[in-house]
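The following blocks contain the structures, represented as structure tokens.
Below are two complexes that have chain A in common, paired first with chain B and then with chain C.
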Partner chain A sequence: MPKKFEKYIVIFFIVLAIIFPLITQNDYYIHIMTLAFIWSIAVYGLNLLAGYTGYLSLAHAGFFAIGAYAVGLLTVKIEMGFWVAFILAPIITAVIGFFIGIISLRTKEHYFAIYTLCVGYVIYLIIDKWDSLTEGVRGLMGIPAPANIGPISFTTPLSQYYLVLAILLLVIFIIYRIINSLVGRTFIAIRNSEPLALSLGISTIKNKLLSFVLSTFFAGLAGALYASFVRFLGPDIASTAITFDLLMYLIVGGIGTLFGPIVGTTLIVWISQNLQFLQDYRMLIFGPLLTILIIFAPRGIMGIIGDWKVKSSEKKRNKEAQKSQSELKKEA
Partner chain B sequence: MEILIQQLFNGLTIGSIYSLVALGLTLVYGILHIPNFAHGAIYMIGGYITLTMMTYVGVNYWISIAVSIIVVGVLSVLMERLVFHPLRNTIIINNKIAAIGILLFLEALAQLIWGADFRQMSSPYNQVLNLFGVTFTVQRLLIIVAAIVVMVLLYLFLKKTFIGRTIIAMSQNREGAFLVGINANKVAMLTFFVAGALAAIAASLTSPINLVFPGMGHLVILKAFVIIIIGGMGSIPGAILGGYLLGFTESIGATYISGDYKDIIAFILLIIILTIKPNGIFAKGEH
Partner chain C sequence: MLSLKNVTVKYGAYAAVHEVNIKVEQGQIVVLLGANGAGKSTTFRAISGLSKPASGEILFEEKSISGISPDKIVQSGIVQCAEDRKLFPQMTVQENLVMGAYVQRKNKKKMKQTMDEVFELFPILYEKRNDQAGSMSGGQQQMLAIGRSLMSKPKLMLLDEPSIGLAPLIVEQMFESIQLINKEGTTILLAEQNANAALNIADKGYVYENGKIVVQGSSKELFSNEEVRKAYIGA
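On to the complex of A and B.
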């Protein structure tokens, strides 16, 4: 498939996302889509670390919650302006991520996964038990909606949808630039072989930490959006169940691919919506799905598409080769 | 002083359970180098099977445990066959994700079959004893004794029987084990069965003093991970010692520091240990 064609597909989907609210006219669908976009941003963060750098962090919901609670606490308890709090939240998350990263990245593989799982659990317990700050299980209420920027207000579902969409597109663009830069290639080098990367003179510690901090930054950003969109926070958003949800979105869409996070997240969120009657039992389907995907298609939907593209271009090349050969024969 | 002895006794009870769960986890890790995140769900299923046998089928506590051991053991073997075996040659990250998939499935399944409610398991050993100023139920004493019996049996199995020794051989040196003709598939299945059985025993023993619910495995499995990291991944004595150590630390911490935060103790312990020694205390070196 030519590169130009891919570009058109991307533009098609962006246009589709922009006109989506006009097609449905249904506030509920817009609401679901906005949530899916918010989760996607968090999944992009996870993808950078787990997909491109090869470090499976199981504390991601914790960082999402830190971003969300940062906005919640700054606006509700300190009564800070919304946008100041909104910008501070991902930065706070990234700073906390930096310190956790310094320590956790000393560990590798299983140790890293278990370590981050425990870090995530500690974040959850702190939010749950520290009543005086976070309101614990009662939940944090009264978070304001995004404040107006000049004449633009963000009180209707439609305007919030476009706000989230704009931020999501920006995030995808940033991720695209990162993974196609030297930094991104360094991440991939670390994923493929850390000792080799080290022997090539790459500072693995520095780059892993950068990936970790960026990953937590995006998680914090998604959390901040979530807080201002749902406007109610409970400790459950830090639970491991959310981490596993994010991981599932990533695996279904395609780990280590650019469009995997958005594809997986939107798909699963929509399927979950249509399986509402299953409620708590949806994992009866998604649990085995996750396992089966990992066994048969470890790179998810985008991975399958990618493989198919490679195969079809190979076929084409073979055909062309045959053609030119037969032409040569004719000439001869 | 009496409080201290009482707490030490409680620590011994919790520690016994932790040790049993951690033993299963460490055995599986020793053979396949998989951190089996689904082990906590296996533990939970074990609790439910025993509960169902006792309340719905109405058989004796011990027979229920025996049934639970077999059902959960077979479930554990199935998991190895269907999931971990096909994944044996992929990158490590995939094993972890697959295990998480199983975990999510089993929890949803338990919720579907038994509901999300907290269930109480009645034990025939609810009598309260009072010895040297320490009050305890017979069930707690039973946990301690049963755990020790199980550990001794496991030790004899691994050291004295031929098939037990194949497990040890394979965890010590995979290639060497293949060279002397040990069947890797059989050993893997056997190990998963033993791990499942240990989890079922632990869950059945602890259920009468705790509660049975779909999420009962969460904390236990996380703590079991902490234990095997403290004791060295794949080390059997490490899992036993680590389990008791954590049990004591928790029950004493809950009394003298804060009951609210007692669950955090294990994780803080882990974070401190991994901060100082990123490969665990008794790391056996790279595999």
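On to the complex of A and C.
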């Protein structure tokens, strides 16, 4: 598949996302799509760490919640301006991520996953039990919608959809730049083999920490958007169930791929919306599907497409080689 | 240039390398001989900082490097070319080389220059520069692994069994390339089981057995040493 063709596909989907609200005109669908985009941003953060660096963090919903509660608390309790709170939220999340990263990155593989699972649960407990700060199970209410920027207001579902879409596209672009830079290659090198990365002179500690902090930054950003979009926060958003939802989106879409997070998230969110009538029995369908996917396509939907691309380009190259060989024979 | 003084490396209670003394002078090719598990790779791990010596001292250019982190050691000019030609299989040949220049990453011009030198040494890498590293043959992968190590402009290069699993003809080429790299000014410490080929290009050697050095001397001396001949050269 030529590069140009790929570009057209990407442009097609961007255009589709832009005209989507005009096609449906259904506020509920727009609402679902906006939520899917917000989750996608969080999954992009998870992908950077788990997909590209090879460190599976199970505290991601915790960091998402920190970003969300940062916006909620700063605007409701301190009555800070919305945009200041919105910018501070991911930064606060990343700073907390930095300190948690220093400690948790002393562990590896399963130990890292289990350690971060505990961290996520601790974050959930803090939000749930610290009534005086977070309002606990009652939840935090009255979070303002994004404030107007000049003449543009963000009170309608349509305008919020475009705000989230714009930030999502920006996030994808930033991730694209990261993974195609030396920093991104360093992350991939660490995923491939830490001793090898070390023997090339890469400081793995520094780079793992950078990946961790960036990952929490995007989780915090997604959380901040969630807070301003849903405008009510309960401790449940920090629960491990959310972490595993995010992980499922990532695995279905394709772990360690650029478009895996958005593909997996929108797909699963839509499917589960359409299976709403099955209620909790949905999991009877998702469970086996996910198991089959992991066995036969461990790198998800984008992984299948990637493999198919490699194969077809190999075929093409073999054909060309054969062609040039037969031409040589003719000349001889 | 490099000297190991009574270095012991332990894995748990077991000493994989026991009180080893090695000296490498600038410009030399020095070879470590020995069977699998004799302690050659562990010695390398200690020098490159991947394992911490339990006792003893490692000096590089008169400075102690024992216990320093691996990335600092690469910065000081020692690079290890790992065994089983470990590459980044999904990256292209060129991207692998760029990763090798990690410690030189701020100097793009120098990096380009070094890459040209590597391509000159291994022209096949230039031909395949846009191919995925994992798609190449064993010999080519070994060349890439060595080329990638050269990208950091090392003063001392640690080569762990570069001939392993390669066809005899390719092994010959490999040793010629190693000699060439040495002539260009890189000191080389080589671990090998192929004693014949290694002693041919080396200045001196050390023979390992069960984590200890049992015989040492110039290549000539080792060639004529009865025990070494019996055990490693087979003549």
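In this section, the second predicted complex is superposed on the first by the 319 of 332 C-alpha atoms of A that agree within 3 Å, B and C clash if a C-alpha of one lies under 4 Å from a C-alpha of the other, contacts with A are read in each partner's own complex, and residues count from 1 in each chain.
Here is the rule we go by: a residue touches a chain if its C-beta (ideal position, glycine included) is under 8 Å from a C-beta of that chain, and two chains touch if they have at least 3 such contacts.
As the structure is a computational prediction, the values presented were derived from the model and not from experiment.
Q: Using the superposition on chain A described above, determine whether A:Leu196 touches chain B (first), chain C (second), both, or neither.
A: After superposing on A, A:Leu196 lies in contact with chain C but is clear of chain B.
Q: In this superposition, which partner touches a larger number of chain A residues, chain B or chain C?
A: B
Q: Check the residue A:Gln25 against both partner chains and state whether it touches chain B (first), chain C (second), both, or neither.
A: neither
Q: Which of the two partners, first being chain B and second being chain C, lies in contact with A:Asn274: first, second, both, or neither?
A: Neither partner.
Q: Taking the superposition on A as described, I'd like to know which of chain B and chain C A:Leu247 touches: first, second, both or neither.
A: A:Leu247 contacts chain B only, not chain C.
Q: Touching A:Ser132, do we find chain B (first), chain C (second), both, or neither?
A: After superposing on A, A:Ser132 lies clear of both chain B and chain C.
Q: For A:Tyr111 in the superposed arrangement: first (chain B), second (chain C), both or neither?
A: The first partner, chain B, only.
Q: Enumerate the residues of chain A that count as touching chain B in its complex and touching chain C in the other.
A: Comparing the two interfaces on chain A, one with chain B and one with chain C, no residues are shared.
Q: Per the contact definition, I'd like the list of chain A residues that touch chain B in the complex.
A: Touching chain B: residues 50, 54, 56, 103-104, 106-111, 113-115, 117-119, 121-122, 125-126, 129, 240, 244, 247, 251, 280-284, 286-291, 294-295, 298 of chain A.
Q: Which residues of chain C touch chain A once you look at their complex with the stated criterion?
A: Touching chain A from chain C are residues 48-50, 69-71, 74-75, 79-80, 82, 86, 88-91, 95, 98-100, 102-103, 105, 148, 152.
Q: Taking the touch rule as given, give the residues of chain A at its contact with chain C in the complex, in rising order.
A: On the chain A side, the touching residues are 182, 185-186, 188-189, 192-193, 195-196, 198-204.
Q: Enumerate the contact residues on chain B facing chain A in the complex.
A: Residues of chain B touching chain A: 33, 35, 83, 86-87, 90-94, 96-98, 100-109, 111-112, 116, 218, 222, 225-226, 229, 233, 260-261, 263-264, 267-268, 270-271, 274-275, 278-280.
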